[in-house]
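Paired with chain B in one complex and with chain C in the other, chain A is shared by the two complexes that follow.
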Partner chain A sequence: IERLLHMSVFSQSFSPCGKFLAAGNNYGEIALFSLSAALGPDANELSQKPILTFTAHEGPVFSLLSTDSHLLSAGNGEISAWSWAELIKKCLCALPPSLRSSLEIPEINAMALNPADNSLAVGGGDNNVHIMDLENGAFKSVLQGHTDYIHCLSVRERASEVLSGGEDGAVRIWDTRTSQCVHCVEVYKYETCARPQHGKWISCLTTDSDWMLCGGGPSLSLWHLRSMSPTSVFPLSGCQRQATFYQDMILTVGEGQCVSHCLMGGEVKAQIPCTPHSINTLAINTNSTEHRVLTVGGSSDHIDVFTNLSYKAFSLRF
Partner chain B sequence: MRVDMGAVTDDEVIRKRLLIDGDGAGDDRRINVLLKSFTKWCNSPATPEEGFTQHQRMHGTLAQCEFSMLKTLMVYDMNIREMENYEKIYSNIEENITSAHEKISECKKEIQRAKRIRKNRQEYDALAKVIQQHPDRHETLKQLEALDKELQQLSDIKENVDAKLELRKKQFHVLLSTIQELQQTLDSRDEQLHLVGVCGHLDVRQSLGPGGRTHQPQEGEHYRHNEVLVRGFKGHLVQPDTHRGGPGGRGQAVSTPPYVIGIQTQSGYLDMDYLYRLKVQ
Partner chain C sequence: MNVVKLHLISYHFCSEAEKKTTLDQSLRGVLGDQIKASCDEYLALIYISIEAVTEGICSATTPFLLLGDVLDCLPLDQCDKIFSFVEENVSTWKSSTFYSAGKNYLLRMCNDLLRRLSKSQNTVFCGRIQLFLARLFPLSEKSGLNLQSQFNLENITVFNKNEQESTLGQKHTEEKEDGMEVEEGEMGEEEVPATCSIPIDYNLYRKFWTLQDYFRNPLQCYEKFSWMTFLKYSDETLAVFKSFKLDDMQASKRKLEELRTSAGEHVYFAKFLTSEKLMDLQLSDSNFRRHILLQYLILFQYLKGQVKFKSSNCILNDDQTAWIEETTKLVHQLLKEIPPEGEKFSAMVEHILNTEENWNGWKNEGCPSFVKESDELTRLWNLHADNMEACKSDDREFMPSLDEFFAEAIEQADPTNMVEDEYKVVRNSNYGWRALRLLSRRSPHFFQPTNQKFKSLADYLDSMVSKLAKELPKDIPSEEIKTGEEDDDDNGDNLLKESNDSPSMQSKMVSNQQMDDVAAKLGAKWKTLAGQLEMKASELREIETDSEDVDMQAKLLLVAWQDREGTQATVENLVSALNAASFTQIADNLSEA
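Let's turn to the complex of A and B:
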């Protein structure tokens, strides 16, 4: 019970078929939940428990990512790839991952998939972004430039660029083909965004090809990437840890006990309360139409599921 | 087995009987009664009045039976028509349902479109906010033009002032140099005043005429004073002639050793410096 109290969910990922949710916590475990069972008409207590739990890494699982056939999990220094087919079939008992990365990267905080050239960008505690080719698992290139560890990554598909945000407060934009830093934006230097009382670290980054959301120490702000200027700043009090663009809205989670819905103009439309006190991760299931839910995980062993964006439907428990 | 069969058939029979007789109170009974009365009437040895009344009674019951039959027939028709009606309504509702489904999907698409539009509009607004912060292009252009004009004006003024300055400088220079000359002339005049009385040949080395040839002054020749330059010397002392009247002035050189001093003209005595300067001009 105590273990459950201290549990924090750090990452989530949906299966490619959209029916399963994998969540990683600070104990290094990954739990697999069946969404079809939990959302079905005969859902009960049991269906809100994971169908499979296994220990993936020794350290906390900070980042989970799903490709078409595999679940990639990043632990403390290694990336493991688990086959979704096998996971769904619940082949447990010493399930070896299909692939383990060859390079030791300390404390991988973020991973982002670049579908254009089937590569994975991995950002970690060694201040660098490593680009790994998914077909053979070899590391292609290293993007160096940050002076402190990297919190978050995002891939800008249209321009084939990778954005990275780190503890040093800089958002760097890298060109994947030349591995050079194209832009470097120091968000905390802009007066409209900066919140010196929280610090200068950037913990959440997401991009919509023309627009970028970044936040953390400085307030969450929407940037126009062509002109590299902040267009709107969102008046949210806590530090935001994850943000996504969804249809015409921006959903963001962070230190407050709620999911904030914001409009691109800069106003906060709604704040939906949820169970964890401080939320680390937010994921929207876009892989399936009938299980289109929003799930939120944070500093508790509950993962809140929202079927309709306006209210919390139920919680999945570890 | 037989007992079972009997039980089953009994049940069946009871059920069937109940079904048939479920219509009204004793319709079946009425038919049985009619049948019995008919057989009794056929076989009765009773009086014709009684037979007649019996006959009438039988007609009555027959009519009753017919009436109930008609009723059931009508009910049957009504049921059929109701069924048809319900079928119609059912199909109508089905159509409505399908059209409502379609409308719902249309509306969903509309919502998606509207959301996209709203997102775009918000993006425009956000960009517009940023753009608004920058100053208007027309205004900046106008300011630039005004500044250009000012610059032009100021440079014109500067040029004018410079030109004036130059002009004044030159004029002052001329004034100062002429003063200096005058000073020198006055100084030299004081020395040469006593040499004026000496005459001499004028050896004209060079004239400023167009040919530039050497020219010996002849008597009666007219010289215009600004065409004659006296240079060099010949060493003759010449008596100063008096002026002979005549049109124009005659210039006669007065030369003394070792140098020629100047020319005596009608307008006055011209010394060397002046003559030299005339040449230069």
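Let's turn to the complex of A and C:
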């Protein structure tokens, strides 16, 4: 019970078929949940428990990512790839990962997939962004520039750019072809966004073609990438840890027991209460229409599931 | 028509009662013959029968029998026209000639019609019939009341409990075999169920619609286990309402419109649509929420209320009462948050529920009639045959006499009583107003023109009071008045002296008549007298501006002098002034008069 009390969910990822959810916690475990069971009309308490739990890493699983066939998990210094097919078959024996990275990267906080060239961007505690080729698992390049560890990554497909946010308060935009940093925005230097009382670190970053959302110490703000200036600043009190564009809204989570729905203009439309007091991860299952749910996890062993964005339907539990 | 001829022939040879029966029969016969005719002809015939009743040649029940016959034979669309006729004549039905004879027939006729009509298809017509009945009968008519406060237990809300039954409902099916309509938002058996395209919260769906069963039959709430379930489901549902705030009105309206058009032409709200696909949309709809929240409030009112027909074990325990109180507050808060005009809606609902309490009380007393007999009103009305005359009678004379009213003021005016100014009753504005009114009716002093300027009503009243004091009957044995006179003597020695000569006359106040005489004699020379009378220049100017006529001016002078002098405006004083101004002749005339 104590264990459950102290559990924090750091990462989530949906299976390519959209029927399963993988979640990683601070104990290094990954749990697999069946969404079809949990969402079905005959769902009961058992359906809300994982169909499979296994220890993936020694340290917390800060980042999870799914490709078409594999689940990638990042732990203390290593990246493991698990076959979704195998996972779904629920092999309870100790599952060796299909792949383990060759390079030891301290404390991987973020991973981002670039489908254009099938590469994986990895942000680490060594202040660098490493680009790995998924074909062979080899590391192609290193993007250096940050002066403190990387918190978050985002890929801008159309422009072949990778964006990284770090503890040093900077958001850097890298061209993947040249591996050069094309822009560096020090968000905390902008008065409209800055919140010195919280610090300068950027914990959340996401892009949507021409727009970028970033936040953390500074307020969550919406930036227009061409002009590189903040167009809206969102009046949310806590530090935001994850934000995403969804339809014509922005959904964001962080410190605070709610999911905030915001509009592009800067207005906070609604704040929907959730179970965890502080939320680390927010995910929307875009891989399936009938299981299109929003899930949030944070400082709790519960993962809230929303069938309708405006209220919590039920919770999955580790 | 032959039937009529035959009856007419026998008509002459029958008694009154028999005549009536004959006419009744003939009318019915004619109607029967005319069965293929148009509505207008029926109505004409029925109209004749009404006239006949009024004339007294036909029994009062006949029009109703005729109506009944007609409605029984006609198809529903024509019944509509006949019914309009019935509606228009409601005042006739309510009149004494027709009411007692016809009310039962009318009731039966309406009930028959209602049974034939479909509540969902002919809602308007059913409504009209109900409204007509409501107008026809008094409020306490027992047949129209749910005397026992029973519930419509047949109003069951059906929803999908199993996955297999869940389909993409597009059309509403109505089972017409037994007339019972069960709308489920389901489709016909032919169509193949398509796969669900949105995630569905079955948990909420089931709990939500289960609540309807509690609203249908509130007595379940008194059973322990049912109550627990109700509590749990309600908490969850209300938590969803709380979490899911409504704001985007336009978007939800649009979605609902789309749904409606896809669901077919028949859209009505007699029952809830319970397809699980609709759940999300329903939750975003303001009106839907208001329905549900209102259901809660009505339920709570019933549970808490004193209803005579509840059995003795239908009592809430403390926990339940506490939960109901808390939840009522939450419901009202949620109502206030629902746009548009949530606050107004919530206030209105509260008001209506309060009114309900009255109706509940009325029911508990067995629905007594509202026509009140009041003894008190009858007595008042019957006091006098002609109320206007009664008002004129003497014992309705309430105005006090001058001496009664001013007695207190006069007493206070007396310096020996040493009543301080601020306590004088003349300073009371209320008293002052009444005093003025009384003076205007009773005292000639009121209308005497005066030049004296009074700074306040109180001062004016003071002077009036002193004038009145002089005039009042002196038979009041009062030491005060005597001492008052003594004081006057102190002020004017010459008064005493002159009074010795001609006591009765000289010490008298100058009368109006005397003043007129003097004024007439003075004429333009009044200014000379003014000097003797110690009038100020400003006052003289005022007199001049007030009037052009010299006699009038003289009069004004004297009046001003009188006002100023008050009790000192005696004949002696005037005489001495006149003498001093060398108007000896006038003075002599005055003394002699």
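Note that the second predicted complex is superposed on the first by the 318 of 318 C-alpha atoms of A that agree within 3 Å, B and C clash if a C-alpha of one lies under 4 Å from a C-alpha of the other, contacts with A are read in each partner's own complex, and residues count from 1 in each chain.
Here, a residue touches a chain if its C-beta (ideal position, glycine included) is under 8 Å from a C-beta of that chain, and two chains touch if they have at least 3 such contacts.
Computed from a prediction, not measured in an experiment: that's the story for all the values here.
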item	value
First (chain B), second (chain C), both or neither touched by A:287	neither
Which superposed partner A:312 touches (first chain B, second chain C, both, neither)	second
First, second, both or neither for A:272, with chain B first and chain C second	second
Chain B or chain C, by number of chain A residues touched	C
Partner chain in contact with A:229 - chain B first, chain C second, else both or neither	first
Contacts of A:144 with chain B and chain C, given as first, second, both or neither	neither
First (chain B), second (chain C), both or neither touched by A:211	first
First, second, both or neither for A:247, with chain B first and chain C second	first
Which superposed partner A:39 touches (first chain B, second chain C, both, neither)	second
Complex contacts: residues of chain C adjacent to chain A	162-163, 166, 195-204, 239-240, 243-245, 247, 279-280, 283-284
Residue ranges of chain A in contact with chain B within the complex	210-211, 222, 224, 227, 229-232, 247-248, 263-266
Of all residues in chain B, those that touch chain A in their complex	112, 115-116, 118-119, 122-123, 125-127, 129-130
Complex contacts: residues of chain A adjacent to chain C	39-43, 269-270, 272-273, 289-293, 307-308, 310-314
